[in-house]
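Only one structure is covered here, and it is reproduced in the block below.
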Amino acid sequence: MTTVLRGVVPPVVTPLTETGRFDEASFARNIERQLAAGVHGLFVLGSSGEVAFSTTTRRREVLAAAVRITAGRVPILAGVIDTQTERVIEHIRDAEELGVDGVVATAPFYALGGEAQVERHFRALRAATQLPIYAYDIPVCVHVKLSVDLLMRLAADGIIQGVKDSSGDDVSFRFLVAANRAAGSPLTLLTGHEVVVDGAYLAGADGCVPGLGNVDPAGYVRQWDAYQAGDWQTVRAEQDRLADLMRIVFAAQGISGYGAGVGAFKTALQLLGVFETNQMPEPVARLTGESVAGVRAVLVRNGLLEA
Amino acid sequence: MTTVLRGVVPPVVTPLTETGRFDEASFARNIERQLAAGVHGLFVLGSSGEVAFSTTTRRREVLAAAVRITAGRVPILAGVIDTQTERVIEHIRDAEELGVDGVVATAPFYALGGEAQVERHFRALRAATQLPIYAYDIPVCVHVKLSVDLLMRLAADGIIQGVKDSSGDDVSFRFLVAANRAAGSPLTLLTGHEVVVDGAYLAGADGCVPGLGNVDPAGYVRQWDAYQAGDWQTVRAEQDRLADLMRIVFAAQGISGYGAGVGAFKTALQLLGVFETNQMPEPVARLTGESVAGVRAVLVRNGLLEA
Amino acid sequence: MTTVLRGVVPPVVTPLTETGRFDEASFARNIERQLAAGVHGLFVLGSSGEVAFSTTTRRREVLAAAVRITAGRVPILAGVIDTQTERVIEHIRDAEELGVDGVVATAPFYALGGEAQVERHFRALRAATQLPIYAYDIPVCVHVKLSVDLLMRLAADGIIQGVKDSSGDDVSFRFLVAANRAAGSPLTLLTGHEVVVDGAYLAGADGCVPGLGNVDPAGYVRQWDAYQAGDWQTVRAEQDRLADLMRIVFAAQGISGYGAGVGAFKTALQLLGVFETNQMPEPVARLTGESVAGVRAVLVRNGLLEA
Amino acid sequence: MTTVLRGVVPPVVTPLTETGRFDEASFARNIERQLAAGVHGLFVLGSSGEVAFSTTTRRREVLAAAVRITAGRVPILAGVIDTQTERVIEHIRDAEELGVDGVVATAPFYALGGEAQVERHFRALRAATQLPIYAYDIPVCVHVKLSVDLLMRLAADGIIQGVKDSSGDDVSFRFLVAANRAAGSPLTLLTGHEVVVDGAYLAGADGCVPGLGNVDPAGYVRQWDAYQAGDWQTVRAEQDRLADLMRIVFAAQGISGYGAGVGAFKTALQLLGVFETNQMPEPVARLTGESVAGVRAVLVRNGLLEA
């Protein structure tokens, strides 16, 4: 459990073919483009990686491909997200077998029952694996916030080794960073909010997991390097540019949530020649017409695509 | 798609052994007790049947046992609940293979994207099966309410054949009943709220799916018979008694949600000699000590158990 | 504190003139129409009576008119709703001075702090007045649910004498009725959900506070009389008819919440010749065009208006 | 409407006497201490200033005192928060009469009806006053988020001149800053989140409204000066220190929300000799015993108080 992961760790988007099958060639192009940009790790089967939209077979397929393509060049974290402990452990078994460097798990969901159950869940996961475990704090999906006290308790007992924070609660994140530092930094703390990574760095984050990093990994790597160099003007300027680029997710007409966000990322990657299509998993409709034009306009405006 | 299901259809609780395995003997005792009481159908792998807490293997095991034990004496509905369309279709395939009479599906969850996606989800399920589909309206778990307009649109196109309403929104349920009647009653409408089944009958429900029906199936059958006879005083009196019995779920100390509700049902069934243990699936703690004593007191008070 | 209030107690809608002033003549016509229909009490300055949309001066004006017009023919409850204890007590002072029979108060809102503060709030109100106090349970507005335990604790100490339940939680209401009965019925329990009054009566409610009662008070009185006579078929049939009439609130195009509901009631009362206009308080737009036509169609369909 | 307000603008806490009256002497000491620290403005009757807990008489009393004490040394913003447009306009009239430099208004609350009503509300306020209007975005209290599109539409028409952002949504704030800059900066953008002011500055905020600024105004002024000088290491270091100081709000035992936050601020100010008591408005209990000891410990740890 000693893999130290710092820096930019994009949650890799999962490309599909027109008929909804896994498109490994596009997946490989995306990973190679990210590695070429200098990312420090990959998070496969995150929310952006459509983990909750994937069958067990699909999950194994994606994970196997990621491991094969990456070939050890950077560490791989695997999302093992599911409703309940034993179901999550099944995904952990697959992840172990396929050879990843860590797993990322949320609180259980669908039938909630308070923080004691969330704690018991993570403790059961630890009992089941030797891999580093990242707690994924994403209340918008699981409808529970992981408290600072819970996370530090789990850290003190070696249950978890990191946190991916997608809670949207930067106040809580600040307190988490302080508590972690006071405890000797047992946790690696990554932010999932691609639009305010600069603020998270100022707060003391160890890295970021930006969905938008699929579209512009180089920007996030430049920002990380500036952060390491203490060059806050560059950190901020990159963030302002990336925030404007993030406006591709507002291009989606009549679609909200995952369909708008990942739909826009897939559309951008298709326009950039990385993906074959912007196909989405059922029951999500892909972006078309005006929505695609909107994504294109933002890419052009930000210099990622020629007019 | 012609199975007509009316009356009392308890969501069968799934017993576990001390070590967390499926306890088929207890399961059989529970089903036989319900059939002896005269229930009109069984809903296996509902929320109370710990569907979201069960691996695919466990789900198959439970479903196979239910079919084998019931042996066609009443229709069986199978919960096929999961985060996304293709995952649900995998469960539908299992249910078809094992031989159930209908399936019950919720809206997709974890990464929501609006009603259009919910509609597309149910349409994709219909394209995948010939079995009757019941839409399960349970916003407390999936965080979206199925609107009357959506349900009636799906009904008009033959996509769904029934609704299990656990929305807690009796105003909406009233409008649903009226809309269904106006459309020629294409839907079978079942309420999941065991404490106010009388009000749902007055509103025009076709039946109920009471978790508490695991504990006192005879009471719900008597209530149904009174409803069919137009004897509202008996309908009401049974409900008052059952509402008091439902207070077993308040006996749970320091546990909330699923753990309190199903925990109390399992504890009651153990006290009644139906289940071997009140074991719960990870990460839920079983009821112990004072909580068990509280359940016992309510059972005694209501004459289901001797003091 | 001995006024016993049972039966139909409509929350009287507050008519405005075109220029937004209080229209006392229309208000008088509405009250006379309700008294003629046989209602058992009036609730002035409820949510439907636009209490939260009214200045202190307006509130006094409305209350004074209600007392003067009603002239003791039925008891009057006055809404004294505001964000905080002392502000509520100021409204209670006005209500006492103007001569009402009871006051209706919600939990404090805007800056919530848990049930202990809600309890302290009601206890402070009791210390400030001799009038009966009804606790108004309306989480959709104040974002806190009044628990059965809290209400029964307040009842036991003589703090509150009744509850107006607009919580939408009929399961909780059932438990409240049972707890109240077990305690010797210290509370008068009224339901605010006009579409499911029949279910509330079956559960044991002492009466109803139906916003729709402004439009069809006679229907709710007939339903009450049938309830008293144990004629559940009539109770149910009236409810089915009233539920259809309630569809006037769906006629509002592009407006939701209070604006749709009270907007529809005001529009219906204008169409019925009771109100001069359907003017709404700032910042709510009145219903116009298609929305008014929609209300008219529902009234005609239900025989309240000629085609 | 030309008052430009940049920098540190603490939301001034309202001290009470033991018997719950306004304690003007303590109020004056607090304001003088803040002015001495170099704050750039004062926000009186904000949420921390217990606006929602104050009668109209109390509000006038507090505002008059603030104007008299400040005597034009810095601009004063006055909270005019209430449920509805006309009620807010009454408070604006008082604020105009008493001589403030701007008003701060939230969306209407209690009976929500969508963004169109929020927009109409702010437009009606503008029609009623010549004072600069700050939109107060505080969904935790009013249960609606002010969208970037709405705010920029209001800005473009000169309806609002600034925003106090207490939404907790730093992603949205980033987009608001960008949209405001693109529109020629018609709005002054202030953050209310005292724990992450550094991130807001990096995002481009024009200032902050920190409740904790009542306790340590000098810290926030030093941070602002460092921001103006481009010294991000100092901005960050001050923030880390202030975040630790903010832990006084976690000292409250058994109290949450406003009672914990403002209760801790008042307790700290009492311990610092600025306030006579830490009395709270009804129905909020003041901090006592262990809670007070907890506040003291944090103050000592951060060097504001001797051990």
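The first chain written gets the first letter, and so on, giving A, B, C and D; residue counts start at 1 in each chain.
Methods note: a contact is a pair of C-beta atoms (placed from the backbone, for glycine too) under 8 Å apart; a residue touches a chain by one contact, two chains touch by 3 or more.
As the structure is a computational prediction, the values presented were derived from the model and not from experiment.
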Note, CA centroid farthest from chain D's centroid sits on chain B
Indicate whether more than half of the residue numbers at the chain C-chain D interface occur in both copies; give same if so and different if not.
same
Can you work out the whole-Å distance between the CA centroids of chain B and chain D?
49
Between chain B and chain C, tell me the centre distance in angstrom, where each centre is the average of that chain's C-alpha atoms.
35
Which chain B residues sit where two or more other chains touch them?
none
All pairs of touching chains?
A-B, A-D, B-C, C-D
In the complex with chain A, residue positions of chain D that touch it
168-171, 174-175, 178, 193, 195-196, 198-200, 202-204, 230, 232-233, 235-236, 239-240, 243-244, 247
What part of chain D is in contact with chain C in the complex they form?
47, 52-56, 58, 81, 83-87, 90, 108-114, 116-118, 120-121, 124, 141-143, 254-260, 281-285
